[in-house]
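I have placed the structure first, in the form of structure tokens, so that the comments after it can refer back to it.
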Amino acid sequence: MESVTPSNIFKDRGAASSVGRAGQDWKYKFFSYLLLTMISFTMIVPFIWMLSTSFKPEKEILRRNVFPVEPTLENYNEVVYRTDLPLWYKNSFIVAVLSTVSVAFFDALAGFVFAKYEFPGKRPIFILFLTSLMVPTEMLLIPWFIMSSNPPIGGTWVDTYWGIAFPGVITAAGIFLMRQFMQGVPDELLDAGRIDGVSEFGLFWRVAVPLSLPAIGALCIFNFLGNWNAFIWPLIATTRSEMFTLPVGIQQFSSEADTPWNLIMTGASLSVLPLLIVVIIFQRYIIEGIALTGLKG
Amino acid sequence: MRKLLAILALGVIVLSLGAVAGAQDDMVEIEYWQYNFGARVDAMNMLIEQFEAENPGIKVVHNSDIPYADFRTELAASAPAGVGPDVVTLFYGWIPAFVDAGYLVPLPEDPFSEEFILETFSPMVANSKFEGSYWAIPTAVRSLALFWNKDIFEAAGLDPESPPATLDDVVEMALATTVYDGDMQDVLSITQQGHAPALASQDHHWFREVLIRQYGGAPYSDDGRTVTYNSEEGCAAFSWLAAFETEHVTGSNDILDGATNAFVNGESAIHVDGSFRVGTIARNNPDLNYGVAELPVGPNGEQHTFGSYWTHGITRRANDDPARLEAAVKFLQFITTPEAGTLWVNNVGELPAQLSAASDEMILADPILGPFSAGLAYSHATFFVDESAQRQVLIDAFDNIRLGGMDPCEALDEAAALEQELIDNFWADRE
Amino acid sequence: MQRKHTRKSSSFHMTLARKKIVWAYIFLAIPIVFFAYIRIYPTFFAFQMSLHDYNPLAAEQPFVGFENYEKVYEELSKRKSTTKAAFRNTISYVALGVPIQLFLALAIALMLNEIRFMSTLYRILFFLPFVTSTIAIAWVFRMLYQPRFGLFNIILQLLSLPQQPFLTRPQQALPSVLALVIWQGMGFAVIIFLAGLKQIPRTYYEAAEVDGASRWHTFRFITLPLLNPSIVYLLVLQTISFLRMFAPVIAMTEQGRGGPLDSTVTVVLQTYREAFQSFNMGYASSLTVVLFAMILGVTIIQLSVTSRRIN
């Protein structure tokens, strides 16, 4: 990866590329900071507007003030107590957790098998899994909808947690990622386990999984984010307000006759804020996870 | 041994079939679905309670959880599984599509004979007759009327108690009540609208069934299969409507959060809408000082309005089981009586579909409901084959004028061709 | 099971290899069922539906052969149609969105790579939009774009610039939607570029400096070629994601119709409306098959480009 050279050891990364350019270097840095600050500003302005509007009383919405003149918590009160938003929260959370747990387990297990086992049909099965990556989910929405309304088990999957979550309980990309990672698990370790009488599942659970935790962690975070923000399938798979997820609920705030901007901004704030906090706490992990998963693909 | 088992099994089957049949004799359960609209749900719950008291053998399961936007999707999700409603409430403009899919069955001649329907119900109900059968029957109907903001009228020096009576009045009063920010008299500078044409809400109906007729034209041929609004008269009517935005610059649906919201929020002087908007105002801006009047008369002195209704049909599912079908017909009969219509107007604010209830003196004298009710006598309901697509055609034509600078007659020609294609495709599939 | 049992009694232990094979199948059983039933079967089902006049409300779904595809072709050959607009707009989103987004992200990544102080803060800020719900943030942008009471027009007024209609005019609507999508997805591309930049060996830059190469030359002849894997990866990924655009348009346009005058509608939005609002599921399926072909085309181009590079 990064080659070790004297300049690398003695100087920090930023300075490394700037030896002997001190003259123009400060100019370059100055403009970098200036531009980056300006762009950062455009990145946060929409969030500030969203929050600011969520504290505006209804009569101030159509006025031209950026910040509320008479700030109020009435919108939060209304959204929490007089809409189904708390239920949408619960639903989003349940769906995201369920599918993340399932993805972590099954993707890791399948990745482990493809990395560490030889068996007849391995290649065709792996290809079968990977081809599903080529098919856009949009093509499957209509078949899934028909399958959900008349499934082999259960009366209907429409308006159930399973119905919202089922397309994403195992992912091909995750299996691929886990396979790459599990290939790094030393065979000697597994064989030693076998000699000690550890079961095959025990090898997965107690040897391979602990060694792959960083990758599993990254997979979990992305899967959780993806499910929390998922929109098109939950929109189709739910029809009753008490089963909506957050994005579906926010979309339904506006009706033919009415766009309650203050409530929409409040709902948006409530859906975005916890995620922002999580991201700020885990940012290093997430950013490294993206670089990791992204460059492998 | 094997024979004995077979006989036993047969016996069990016969017995259980008997038990099922017996249970059905005792109690028939039917499902009724409508979309979630608070006042209508409450009114229907009252009707169901009365119905069940009168018919102890029938239980009606009322599903009203589904929001408007998802209602048809949910019906579609229930159909392949063979579940869903026995009686369903649909917008009248959707009926042809549901008939086309084989989802609805015709109303039985007994008790819903054509004679009975024609003499009992508002004439617009005939719109649900199609290929020789009636497919649905409503409890209540709605019509369009003119809303005006009395405070804005007063501030502009107009008489707050005289709403526009003619189309010329509308233009004049709209101009008098429009306020701009600064010197620029363009759409984006308007801070208070005189009148904003909004095809996406009710103005496409106003144009289709009212303005064209008032300019001496006709929107469709008598059998509803040919578009005729791309005439000289249609073009004059469309130009009149478009001029509010392009020429008089008294408003636009793009600003102030849409024409409907602008009126509800007290930022628009004149607005055409249905009786259902009364409830929106009561909820969102109860202090609004407004009045309701019959739609203004046109150049030919005629009065017209557009009528529409949510209407109840019987599904294929009910038809598959004689006991449920019988119960469904009974229920349908019960919720379309004049008594049901009266209960409806008192709780929902929609007008009774039955002639006897609609000509009620109390309703006509009501300052808000009266103008809508008066309109029932001269109302027209469009025969839509695909209401949302046909509406979109006119929205696009209007946008072509105001956004694309197209000539109104040309835009209307294009719309007529597109709408004709929709109608032709529908009938081509049927034949 | 039967056979396994016999073997067990004859040789007492399965050989290790055999045991591993059995366990591999056991471990894969649920994923195989999942992929077969939830991924592969619906793919064929979609093809099959596209050959039927499929209406979920109807009792029967008549077979119509390639009629739906003929209809796609007919709609595309019309002077004006929503389907045609959907394809045209989708291509515009890709053609404008991908290069602009990658260009901005690369510029930001290059600047971020040069600085240390506050670089974590900047990275978090650029990354925040990417993790927020598209629907939520699209509604925020829809409000920002509003005439009169939207922030952008408030700012324009403060600067004494003319008010802009943004989402309400066909000429401005698509770029307005696109701006949101670029804004939201940029942080992801920045992170990928930064990771790519980190992998470039520092010795190359030092050699360039010794040779007295200018900043531009260093970028042109070292950074850009060595960043190629990241660029190709992002090109494909972002192209596919722009091809699949749906949520921003349904949230930002009047009643989710992709207007005004079909100026923002996308293939996926049109599919959704045909399938779930008009119940023309056969026709909608044929549209998704076309979308599938487009995405497959992009993927194949990617594979051929990457394999050529490896060779």
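Should a chain be cited, it is by its letter among A, B and C, assigned in written order, with residues numbered from 1 in that chain.
Everything below uses one rule, namely that contacts are C-beta pairs under 8 Å (C-beta built on N, C-alpha and C of every residue); 3 or more make two chains touch, one makes a residue touch a chain.
Remember, predicted model here, so these are calculated numbers, not experimental data.
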**Study point:** Best-connected chain pair, where connection means C-beta pairs in contact
**Key:** A-C
Practice item. Starting from the Cα centroid of subunit C, hunt down the chain whose centroid lies farthest away. Key: B
Practice item. Could you please state the distance in Å, as a whole number, between where the Cα atoms of subunit A are centred and where those of subunit B are centred? Key: 42
Practice item. Please compute the C-alpha centroid of subunit A, do the same for subunit C, then give the distance between them in whole Å. Key: 15
Check your understanding: Could you state the distance in Å from the CA-based centre of subunit B to that of subunit C?
Key -> 39
Review point. What residues in subunit A touch two or more of the other chains?
Key: 62, 145-146, 149, 236, 256, 261
Study note, to complete from the structure: Where subunit C touches two or more other chains at once, the residues are 56, 148-149, 255, 276
Exercise for review: Specify, in ascending order, the residues of subunit B that touch 2 or more different other chains.
Suggested key: 73, 76-77, 79-80, 256-257
**Study point:** Parts of subunit C lying in touch with subunit B, wherever the complex brings them together
**Key:** 55-60, 80, 146-149, 153, 163-165, 168-170, 254-255, 257, 259-262, 276-279
Study note, to complete from the structure: subunit A partner, complex, touching residues on subunit C are 16-17, 19-21, 23-25, 27-28, 30-32, 34-36, 38-43, 45-46, 49, 56, 108, 111-112, 114-116, 118, 120-129, 131-137, 139-141, 143-144, 148-149, 151, 154, 157, 183, 187-188, 191-192, 194-196, 198-199, 201-203, 205-206, 209, 215, 229-230, 233, 237, 240, 243-244, 246-247, 250-251, 255-256, 268, 271-272, 275-276, 281, 284-285, 288-289, 291-292, 295-296, 299
Practice item. Would you pull the subunit A residues touching subunit B in the complex into a rising list? Key: 62, 145-146, 148-150, 155-156, 158, 236, 239-242, 252, 255-259, 261
Check your understanding: Considering the complex alone, what residue numbers of subunit B touch subunit C?
Key -> 72-73, 75-77, 79-80, 97-98, 101-103, 188-189, 191, 200, 254-257, 316, 386, 388-389, 392, 395-396, 399-400, 403-404, 414
Review point. So in the complex, which bits of subunit B are touching subunit A?
Key: 36, 65-70, 73-74, 76-83, 201, 256-258, 260-261, 264-265, 267, 277, 280, 284
